[in-house]
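Shared between the two complexes below is chain A, which has chain B as its partner in the first and chain C in the second.
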Partner chain A sequence: MMQRKAASAEPAYGDVNPGSSDPQQLYRTIDWLLIPLLFMVVQAAFHIHAMLTVGDWDFWTDWKDRRWWLVVTPVSLITFPAAIQYVLWEKFRLPIGATVCVTALLLGQWVSRTLNFYGWAYFPLNFVWPATLIPGAILLDCVLILTRSYLLTGIFGGMLWGVIFYFANWPMLAAFHLPMNHNGVLLSLADLQGFEYIRTGTPEYIRIIERGTLRTFGKDVTPVSAFFSGFVCVLMYFVWHLMGRLLSTVRFIQKI
Partner chain B sequence: MASRSRLRGRLVALIVIGWSAVASLAWAHGERTQEPFLRMRSILFYDCQWSTDRLKVNDELVLSGRFRVFDDWPIEVMGRPETVYINTGVPGPVFVRKESFLNGVNMANSTSLTIGGDYEFRVKLRARAPGTYHVHPLINVYYAGPIQGPGKWVTIEPGGGPFTNPEKTLMGQEVDLERFGLSTVVGWHLVWVAVALVWLVWWVRRPLFIPRYILVTRGAEDELVSATDRKLAAGLFVATLAIVVIGNYWAITKYPITVPLQSSRIRVKPLPRPAQGVEVDLVKATYEVPGRTVYLDLKVTNQSAKPVRLSELTTANVRFLNAAVAKDEPGYPRDLIAPSGLVVEPEAAIGPGETKLIHVSATDPIWETERLALLLYDPDSRFGGLLMFQDSEGTRYLSTVGGPILPTFNLKAL
Partner chain C sequence: MAMAAKVLTIDRRPARSAGGINYRLLAGAMLTLSVIFVSIRLYQQFFAWTVGLDSTSPEFQTHWMRLLYGEFFVEGVAAAAIWGWLWKTRDLNLAALEPSEEIKRYLRLIGWLLMYVFAVYWTEFFAEQDATWHQTVVRDTEFTPSHIPLFFGAMPVFIIMGVSSYLYARTRIPQFARAHSVPFLIAVAGPFMMLPNVGFNEWGHTFWIMEEIFSAPLHAGFVVFAWAALCLGGILMQAIPRIIELAQGEAQRAVRPVTG
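For the complex of A and B:
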């Protein structure tokens, strides 16, 4: 009787298992077990991905340039947010996938920069701070919940993710682009950091910065690079959205 | 059973402790593991000097010297030295590099080298982290990797106050490069983390996984996102854009003049060569493995105006001195010098305009300790080095020597 009544009634949030005396408590216990676990799994996987694909561009201030850093970083790092966003929205209607990913990544990066780069290798933290992706992630998640469309999220959210990256980080980076006179040579403060804080395995010439053919734009190259980054991010979003779709299936378990 | 388990535990502990006791620390930078032909035939360092080997935090050390870009540079393996960075071989920023000059030109950026050219470097370092470190001149060469000069142990002692790194911007602002801008970076990160936490906590505060999953599978997902959720999302969307705009306005106002990263290449001419010198042709070179001796038969033509004698052979940072001509240099790393390791026959000086055949032997265990004997296992078993001739007034003439070298095993002696 109870079961029939429960089945006929409209399902209510938090009241989905009428057979249990206190399902909410059980669900919350499972939540609190899963949240830190999943957070750390995402953090570890995404951090490794970031180090392998973005690497030096995010490690050092003297790699954070106007042409490559703002393209490579958002394009490489929209991957996990797009995939996780699909899983959390599709399976749980949670519009927090991108924010979870970048917050986890940021925490992992700060731990690494503090313990490894500063504590172990002596680099000052103002030379090795990570960029923030949180503004792009918030926008991506917000576009998803407001439009409830993956297509629109990919197009508008992906574009915003790429475009906003440089401008969201500029308040942190601007101080490191102050000009210096270094024995008659003009350097930015970031260049000077790279020169003074010795890296035997990362010589100056290995930096992939300010290279390219966007020369006619002069000093206004940043918006062009940012929009290019946004465009590639749109494409990348859909590739990794599909990745999330493929990897969140239970098809293989059913076969077993 | 329990005692066996305890025994096994003790055995493991004993092995770990024993292993720790005999394991040696990793010193220096693995310079000996580089292939010998690469060390002998690329950058030949000489006249290297360290202004001190003991200093306090904030004190300065000047590392100076010269190098010859070997004439027979192994282009087929390393390409041409067209992209090169004058670096310093230390374990990370235990020093900060305040200045670096190559032939008097500021080396803040990379450069190119001329094969056969001589260059003079001068690097000013400031001690930053206490400890004892192996300090080398170092040349990074694109396609070849780092080529280390000779390394000397330098001790940085505490004291001299906490390390600071004052610099001045073009606008006259004085900054401490150790921590400048960090509070701004941390502040902005905290702002964005706070925004992210607002969004995450908004969702995490309610039951997450199982009830939501069940409702989604039942097709009731619309109940999981309320109008309030959407209003918050819209507000956060606008707030995020607003913070970015305000942040940029703040940055542009605070730092109105900024410059992009500088990535130019600097051209440096090699040092001028003296018109008259000493010309050397290699006739034959052998390495006697058990005797740890390199024998060189050389045809030497003295084109200078005075009699000269061979004083030194330098290769891969190792120096063999002819004690009859050159004095020992106590300041040079003792593991890289053989003060009387060079013997020349005949001993007599080579007169002006004279061409003479001389037999040179360079003997020392250093060939083994520096792992130069491994040349025999290189894909390019050709050696290289720098010969220094000296006249009676102390004027020095440098000549490179290089070519194929054959091992002799002297099996009877074995």
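For the complex of A and C:
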């Protein structure tokens, strides 16, 4: 009786369930709080990064070309997956870093495109759809869990991430590259959309698409760009793996 | 006789929630923010294209500049009130903090961080929206129907939440009161620096008149400061081991037989 009285006289760290002495319940509560927190912070930060580095190519169908879009997008957007993969795999043994990042990013992008681009500025959704990175993210995470090696993930996963990007988006993009004869001018459907919806990024001298030299190895443009993208993604993976290590520091300092 | 477990707050009054975190308050705060930002979004829907195109018009002054001044006032009052309250009610005797209360404070810190991150989400929402406005309408001044909710609405709100979460940790949790947490400093100061960067951004747009491309080098400052949010992982890496240590200590204490 004294034991019972003593035990109930104080809250047994009694947080989510007063009287409970099971830390598992506390851990579950923290999980339920942390999961939305981490998802939102990854979404917000990654989306701000994406919109300001590859935004124009991602906003508009007529910017989705075979040279710039498929190089700039994977190279810039492997950053957060690499960093978050380090944190989630190293600290929590969760092989979902890349997939979490791109899912969060896509959610934010779709909300914005629907409510802002279409809902506010009246651009049609088939003009402003965001590119998908999910297949590349799945491959990146799969390479990590199969190899359990950051080195192999960077080399093979990074290469796959860059190479697969254009082909993963091809089902969505193909229709907009159909040729059209519009008032005697040959152009693609994407180009026509671009001319119909005038923006500051529309004029030919501004759109950063299809520019450059050494475009092909004889015939096709896309494979050259895709493999170049893959190689640069390998480099970016390691750079941002180190950023992940750096930014997940647990240091304290006495004075600021 | 079983006694009801009584939990006291730092000012010795019974806590409203013995569960460590006041879910109603947290949900209410998130709902309040959502209502405010959804209302602003609807306000944009009705008044942006009609009276928001020409900053020299009297209607623009009425509908948009008043909103701007209102935001300044509300944010100033909110910042003073929240930060002042956090400082005034700080714990002056952290050495005597009970482990159970310390766990609760860690939970509340996660609640503050959740509010911070939620406010950053709304910033991201209005940030991409900014592209739709400025790539169609261009700009005549800094104060546009997309900038007013973004740079002077959502950004100050997340700054208030970020500083509040840091103040809460510094004044109530021994681990963060003893020394400055580097990831916490970066996670708060980095996004905060986006606000001064707004000034640089507007100077750049005025000087180079470049509205055509969103992914322009001028915007790189915002990108770099957004990376700072990754430091939230570091904060959790500091807090979680301590929470586990406290929880396991408490669990052992709860099952320890009472002698005497």
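Criterion: the second predicted complex is superposed on the first by the 221 of 256 C-alpha atoms of A that agree within 3 Å, B and C clash if a C-alpha of one lies under 4 Å from a C-alpha of the other, contacts with A are read in each partner's own complex, and residues count from 1 in each chain.
Definition applied: a contact is a pair of C-beta atoms (placed from the backbone, for glycine too) under 8 Å apart; a residue touches a chain by one contact, two chains touch by 3 or more.
Nothing here was measured: the structure is a model prediction, and the numbers come from that model.
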Worksheet entry | Contacts of A:T200 with chain B and chain C, given as first, second, both or neither | both
Discussion item. Quick check on the superposed pair: does A:A190 touch chain B, chain C, both, or neither? Answer first, second, both or neither.
Written reply: first
Worksheet item: A:K91 contacts which: chain B (first), chain C (second), both, neither?
Response: both
Item to complete: Please indicate which partner A:H182 is in contact with in the superposed arrangement: first for chain B, second for chain C, both, or neither.
Response: first
Item to complete: Give one of first, second, both or neither to describe whether A:Y27 is in contact with chain B, with chain C, with both, or with none.
Response: both
Fill in: Partner chain(s) touched by A:A121 [first = chain B, second = chain C, both, neither]
both
Worksheet entry | First, second, both or neither for A:I209, with chain B first and chain C second | first
Item to complete: Across the two complexes, find the residues of chain A that touch chain B and also touch chain C.
Response: 10-11, 13-14, 16-17, 23, 27, 30, 34, 91, 121, 123, 198-201, 206
Worksheet entry | Touch list for chain A against partner chain C, complex | 2-19, 21-23, 26-27, 29-30, 33-34, 36-38, 40-41, 43-45, 47-49, 51-57, 59, 72, 80, 83-84, 87, 91, 108-109, 111-112, 115-117, 119-121, 123, 198-201, 206, 208, 243-244, 247-256
Worksheet, complete the sentence: Seen from chain C, its contact residues with chain A in the complex are 1-3, 5-7, 18-21, 41, 44-45, 48, 99-100, 103-104, 107, 110-111, 113-114, 117-118, 120-121, 123-125, 127-129, 131-136, 138, 178-183, 185-186, 211-215, 219-220, 222-223, 226-234, 236-238, 240, 243-244, 246-248, 250-251, 253-255, 257-258
Item to complete: Within their complex, state which residues of chain A touch chain B.
Response: 10-11, 13-14, 16-17, 23-24, 27-28, 30-31, 34-35, 62, 64-66, 90-96, 99-100, 102-103, 106, 110, 121-126, 129, 132, 134-135, 137-139, 141-143, 145-146, 164, 167-168, 170-172, 174-193, 195-201, 203-207, 209-211, 219
Worksheet item: Along chain B, where are the residues that touch chain A in the complex?
Response: 29, 83-85, 87-90, 92-100, 106, 108-110, 128-129, 138, 140, 142, 146, 165, 167-171, 173, 175, 177-182, 184-185, 188-189, 192-193, 195-197, 199-200, 203-204, 206-216, 218, 220-221, 223-225, 229-230, 233-234, 236-237, 240-241, 243-244, 247-248, 250-252, 254-255, 257-263, 265
